[in-house]
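You will see two complexes here that share chain A, one where it goes with chain B and one where it goes with chain C.
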Partner chain A sequence: MTFGQLPYDVAHLFGGGMLLLSFMLLYQRRVTAVINGLAIQGAILACAAAWQGGMQSAPQLYLTALIAFAAKAVLIPLALRVLIRRLDMDRTVDTAMGVGPSLIAGVALVALAILVVLPITTGARAIAREDLALALSVVLLGMLMMITRRNAILQVAGLMSMENGLILAAVGVAGMPLVVELSTAALVMVVLVVAGVFVFQIRERFDSVDVSLLDPHRGEGR
Partner chain B sequence: MLTFGSIIVQALHLALVLAAAPLVVGLIRWLKARMQGRRGASPLQPLRDMLKLLRKRPVLAENASMVSEVAPYVACTASLVALACIPSFSRGMLLAPVGDLILLVGLLALARMALALAGLDVGTGFGGLGAAREMSFAVFAEPALLLCVLTFAILAGTTNLDLIAATFRDGGLGLRVSLALAAVAMLAVAVAENARIPVDNPGTHLEVTMVHEAMLLESSGRHLALWEFQAALKLTLWLALLSAIFVPFGTAPTGAGPLAWVLGLAAWLLKLGALCFALAVFESAIAKMRVFRVPEFLGAALLLALLAAALLFVSTGLA
Partner chain C sequence: MPFDFPLPSFPLPWAVVFLPWAGALLLAFLPRERQATLANIGVSAAGFLLALALLAHPGGIQGWTHVDALNTPLVVLSFLIGLTTAVFSHGAVGAERFDALRLRAYHVAFQVFMGAQALALLADNMGVMWVAIEIATMASVLMVAVHGTPPAIEAAWKLFILCGVGITLALFGTIILYLAAQPLVGHGDSGLSWTVLRGLAEQADPGVLNLAFVFLLVGYGTKAGLVPLHSWLPDAEAEGPIAISAVLSGLLLNAALHAVLRAKAIVGAHDGAVAPGRFLLAFGLASLLLAAFALWRRRDARRFFAWSSIEHMGLAAIAFGLGGVAGNLAGLLHMLGHSLCKSAVFFGLGAAVRLRGSQKTADIAGLCASHPGLGWALAIAIAAVAGLPPFSLFASEFLLLTEVAARHAWLILPLGIGLLTATVAKLHILQALCLGDPTPDAPRDAASGGATGADWFTRDWFTLGPVWLHLALALLLGAALPGPLAMLLGQAARIPG
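What follows is the complex of A and B.
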C-alpha cells in the first residue's frame, strides 16, 4: 500500500459514495427508501467533511461534519418522515419521466459535469479535478431529481441532495470560512421549514402533493 | 511457462473447483434455510442429487433435435474452461497466460447461448419464454460486464486476470472510486447471471416469472444433472472472479511452495464462505423484483459501469 495516496483515495471514495447514492435516489420508487438514501448521503457527507478536516488539519471542518451529521443524517430525514406520516400520503414515487430515462439523463449529466470541470481545472491536481467533478455531478443529479419528480416531498429531497453536493465541493477546497458554512446550514434548515409549510399548503388546497396540479394556476396549459 | 509447478497448481485448482461447485450451492441453500428458521438439507444434498441424476437416462421430447443433446455438454465445458482460468489458491497456473477477461465473457456468453438454445429447442411455451427473458437480460448484463473489464484494463494495463489480480494485490493503485462503482455493477451482473433472488428465484419451478428454471423444464436425467452442475460451476465462477479481483489478498504468488498454497487455500475458502454468507443474507432479506423491472436494474448496472470508466478517463488524464 502506498500510504501517501491513501488520504486522497478515501476522500475520493466518499465522493464516489455520494454520487452512487444520488443515483440510488433517482432509482428508488418508494418515498421512504428515498429518505433513507438521503440520510445515508448526509452521513457520508459528514464523514467526508471530517476526513477533509483531518487531511487539511482544519478543525472547523469537524464542526462542519458535526452540523452535516446532525442536520442531514438525522434531523432533516426525521422531519421528512414525520411530514409523510402527517400527510398520510401515497408511498410510491410518481415520476414525470420514467426511472430508466432519468437514469440515462443522470449519466449524461455526470458526463456534462466532467466536460465542464476538465477545461476549467487544467493544471490542478488530478485528485482535485475528480473531486470537483463528483461534487458537481451530485449537484446536477439533485437538480434532475427536482425536475423529474412530481411529488413535492421528493422535490425537497432533491433540493437537499443538491445542497449535499455543494457542501461536498466546499469542504474539498481548503479555507472555506466558517461563517459561510454556518449560514448555509441555517439556510437549508429554513428552506426545509418553508418547503414543509408549502407542502402542507398544497395538500390543503388540492388534496394531493402532486405539483403538476399547480400548473393551471400559474397560467400554464390553458 | 510450462513448469512443473504450474501444472500441479492447475490440476489442484481443477480438482478444488470441481469439488467446491456443488458444495457452494448446498452451503448457500443450507445457510438460507437456517436463516429462515428451517432445518435445511445437508450442504452435500446437491452433490447427491447430481450423482443420482447422472445415473438416469435422459428422456427427450419427440421433436427434440441434436441441440438438446449437445447443449448441456457445451455449456458445462464452457463454464469449466472459464473457471479453470480464474486463480483460486495460487496465481501462475498453467492456463493463467490465456486467462483473459474478454475470453471469460465470451465463454459465459457461449454457455448462455447453449442454455437458451436448449430452452428453445423443444418448442414448449415456457422454454421459449425463459430463453427470451434470458437473452433480454443479457443485452444489458454483457455490456455492463465488458465495461467493468474496460475499467480493470485501464487500471491494470492488461486484460489478463492473473496480472490484474497481482496489480490489485500490490495495492499501488490504492482505493479508486471507479473500482467501487465497477464492484457494484459487477455484483448486480453476478446476481442476474446466476439467476439469484432479486432477478430470478432459484428455489422454485413453479413461478410464472421464472427464467433459468423455465429453460430446463424439458431436460431430465443426465442432461439435467449437467445443467445443474453448470449452474453450480457458474455460481462458483462468479464468486471466485469477484474474490480474485476485489479481494486478491492471501493468494499464493507465482512459483510459491506448498506452504503458501495451504495459506492461499485457507484464504480462498474463507473468501468464498464469506461471499456465500453474504449472498444468503441478501437473498433472505430481499424480495424478488418484477420481471419488467429487471432490465431497469441491469440498465442501472450498465450505467454505473459506464460511469466508472468515464471517471477513470478523467483521473488518468486520458480525456
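What follows is the complex of A and C.
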C-alpha cells in the first residue's frame, strides 16, 4: 500500500491533522482555545484509531476509538472547562518562550522526528513508518508545550497531547498486543492528573523561574 | 524454544502481586489506626512469605509473568523491606497525625504500591511491566501527597509530571520494541514478551532496536532517578511520611533500573545495535558526579539521603554499563545493599526527625549523646551507606573499582573522585547528626504521644528492630555471602548481558 490509495491517504490525513493541532496548541495563548484544540485532537485520534481498526480488521481498535472519543473529546475537556471557570483562569497566559521561537523549535522537532524514524525503519511497512514519524512529532511537540508553559492546566494539556501521540503510534503498528489495555492505562494517568489539579487547585507549576519562592518549600532555606 | 516452559499449575507470581492488592482492599475499610497498622504488618508479612516461596519456584514463563534469577532476589528484597517498613510505620504513623481518610489512603497506597512493584519485577510482558510501573508511580504520588501541605503537593506534582513524561516516553519505546519484533513474531501477546524478544533480538532490525532503547532508557531512567532526569527525587523523598522515603529509594528505583536492564538485555543481544552499556555508563557517571558534589550543599537531612540515592543508582548504572558477569554482579549487589542500608538510614532518621521536630541537619545534632540507642544505630547505618567495610556496599564498590581498573582504566579517575567526595560528605553528615553536642528535643505535646517511658520503649524498638535487621543483612551480603544466594546472583549476573 502506498501513496495515492485511499486507506493510506486517509490514515495520513488523520495523523497530519493531529500534528497540525499540536502546532495550534503550541502557539495558542488562550486557555479555553487550548482546551478546544485538545478536544478536536482527541476526536481526530478516535477517527484515526477507528480507521486503523477497519484497515487492519482489528475490532479491538474500535474500542480504543470509542474510549478515546468519550474521554478525550468529551469528558476531559468538559472537566477542564469547569476547572478553568472555578479557578478563574479564562484568560491568556504567559509562555516561557515566544510564539515565534516555539514554532521554530516545533518545526525543528518535527524534522528531527522524521530524520530519526524514517531512515532506521526501512524494514517496516511504509504506513507504519510514516505514522510513527507523525506520532513521534506529536509526542515531541507535547513535550515542548510542557516545557514552555508554566500554567498547571496547560501542562496537563501538554501531557494529554503526548498521550495522544502515543496512542496514534500504538494503533498505527499493526497487531500491537494489549493496545486497549495500554491506552486505557495511559488515559487513567491523565485522568488522575486532572483530578489532582481539581482536588488541590494547582494553578502554576512549581519549578518557576523565581527560585527564591521555592527555597523555603524545599527545606533548604537558611 | 525458551518460552515453551511447562506451566506449573499454581500462578504463584500473580498470587504475590494480588495479595497486597487484596490487602489494600481490606485496609480501605479499617478506620482505626492500631487495627490498620497491625493489618498492614500482617498483609506485608504474608506477602513476604509468598515472595520467599518464589525462591522454590522452578522459574520460567507463566502467562504475562516470569520468574528468573534476576527478579527473584529483587522481589524477595522488596517484600522484606515492605515488611520492615510496615513495622516501622506501626511505631511512626502516630506522629504523622493522619485523619481517618488520610490514614486509609496511606495504607491503601502502600499496599497498591507493593503489588505494582512485584508486578513490575515479575512481568515478562513489557506492556504489563509498563502498566505496573505506572501504577507504582501513581501510588507513590498519593503517598507523597498524603499530608496535603504545600511542599508535599509541590513534590507530588513534580513527581507526577516528570515521571508522567518519563513513563509516556517509556511506553513509546515499548511500542517501538514491538515494531522491531513484529516482522518476526507477527500478532499476539508474544510480541511484547521479554523472553521472546530477547531470543529473537539477533534477527531484529538494529535501527529500530536502538530507537526503542533510547526511549526506554530515558523513560525508565527518569523513574530510576538518573541525572539529568532526577529532579523529582529529592523533593519526593523529602516530603510525605518518612516510611515512604524508605520504599521510594529502596524499591521504586530498583524496579525502574530493573526495567532498564531488561531493555539493555534485549538490545545488547544484537551485535549490530548500538552498545547499550555506554549510555548507562554516561548516565551513571553524570549521576555519581553531580550527586557527590550536590551532597555538600544539603542542609536538609532527608534531602541529603535522597541525593545519596541518586549517587548510588549512578554507581549501579555504571556497574551495569560495564556489563559482563563481574560488572553485573557488582551492580546487583549494589542495588540490594543500597536498598537495605538506605531504608535503615531512613528508619533511623525518621525517629530522629520525630524527636527533634525538624529535618534540618543542624537541628538533629548529637544523637549519640542524647539518645545512644538510636544515635549509634543511625551512625552505623550511615557508615554502611557511605560504603565503609564490612557492609555490602563496600564489597560492591570494591568489585566495581577492580572491574573498572581492569577494563577501562581511564574511568578510575572520575569514579574515584565521585566516590571519595560522596563518602567524605556522608562521614561529615554522620559526624554532624550523631556525634558532637546534642541539640534539644522538640517539646512533646499530647497529640504526638510518646510521653510515657514504656510507650517510648516499644516505639523505639519498632524503629531500631528494622534498622538492625537491615544492617545485619547488609553485613551478611558484604562479609559472608551465603552459598545459594551467591549462586543465584551469579546466574542473575548473566542475564543482562
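Everything that follows uses one rule, which is that the second predicted complex is superposed on the first by the 172 of 222 C-alpha atoms of A that agree within 3 Å, B and C clash if a C-alpha of one lies under 4 Å from a C-alpha of the other, contacts with A are read in each partner's own complex, and residues count from 1 in each chain.
Please note the rule applied: a contact is a pair of C-beta atoms (placed from the backbone, for glycine too) under 8 Å apart; a residue touches a chain by one contact, two chains touch by 3 or more.
Quick caveat, the model's predicted, so the values are computed rather than measured.
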- Task: State whether A:192 touches chain B only (first), chain C only (second), both chains, or neither.
- Result: second
- Message: Between chain B and chain C, whom does A:13 touch in the aligned arrangement: first, second, both, or neither?
- Response: first
- After superposition on the shared chain, which partner residues are touched by A:82: those of chain B (first), chain C (second), both, or neither? neither
- chain A residues in contact: does chain B have more, or chain C? C
- Task: Please indicate which partner A:173 is in contact with in the superposed arrangement: first for chain B, second for chain C, both, or neither.
- Result: second
- Message: Between chain B and chain C, whom does A:155 touch in the aligned arrangement: first, second, both, or neither?
- Response: second
- Just chain B (first), just chain C (second), both, or neither: which does A:146 touch? second
- Task: Could you give the residue numbers on chain A that contact chain B in one complex and chain C in the other?
- Result: 117
- Task: Please name which positions on chain A make contact with chain B in the complex.
- Result: 1-2, 5-6, 8-10, 12-13, 15-17, 19-20, 23, 27, 99-100, 103-104, 106-107, 110-111, 114, 117-118, 126-127, 129-130, 133-134
- Message: Touching residues of chain C toward chain A in the complex: what are they?
- Response: 125, 127-128, 130-131, 134, 138, 141, 145, 148, 150-151, 153-154, 156-158, 160-161, 164-165, 167-169, 171-172, 174-176, 178-179, 182-183, 186-192, 205, 207-208, 210-211, 231, 234-235, 238, 298-300, 302-303, 359-360
- Residues of chain A touching chain C in the complex: 116-117, 119-124, 128, 132, 135-136, 139, 143, 146, 152, 155, 159, 162-163, 165-166, 169-170, 173-178, 181-182, 185-186, 188-189, 192-193, 196, 200, 202, 205-207, 214, 217-220, 222
- Task: Within their complex, state which residues of chain B touch chain A.
- Result: 171-172, 174-178, 180-181, 184, 295-296, 299-300, 303-304, 306-307, 310-311, 313-317, 319
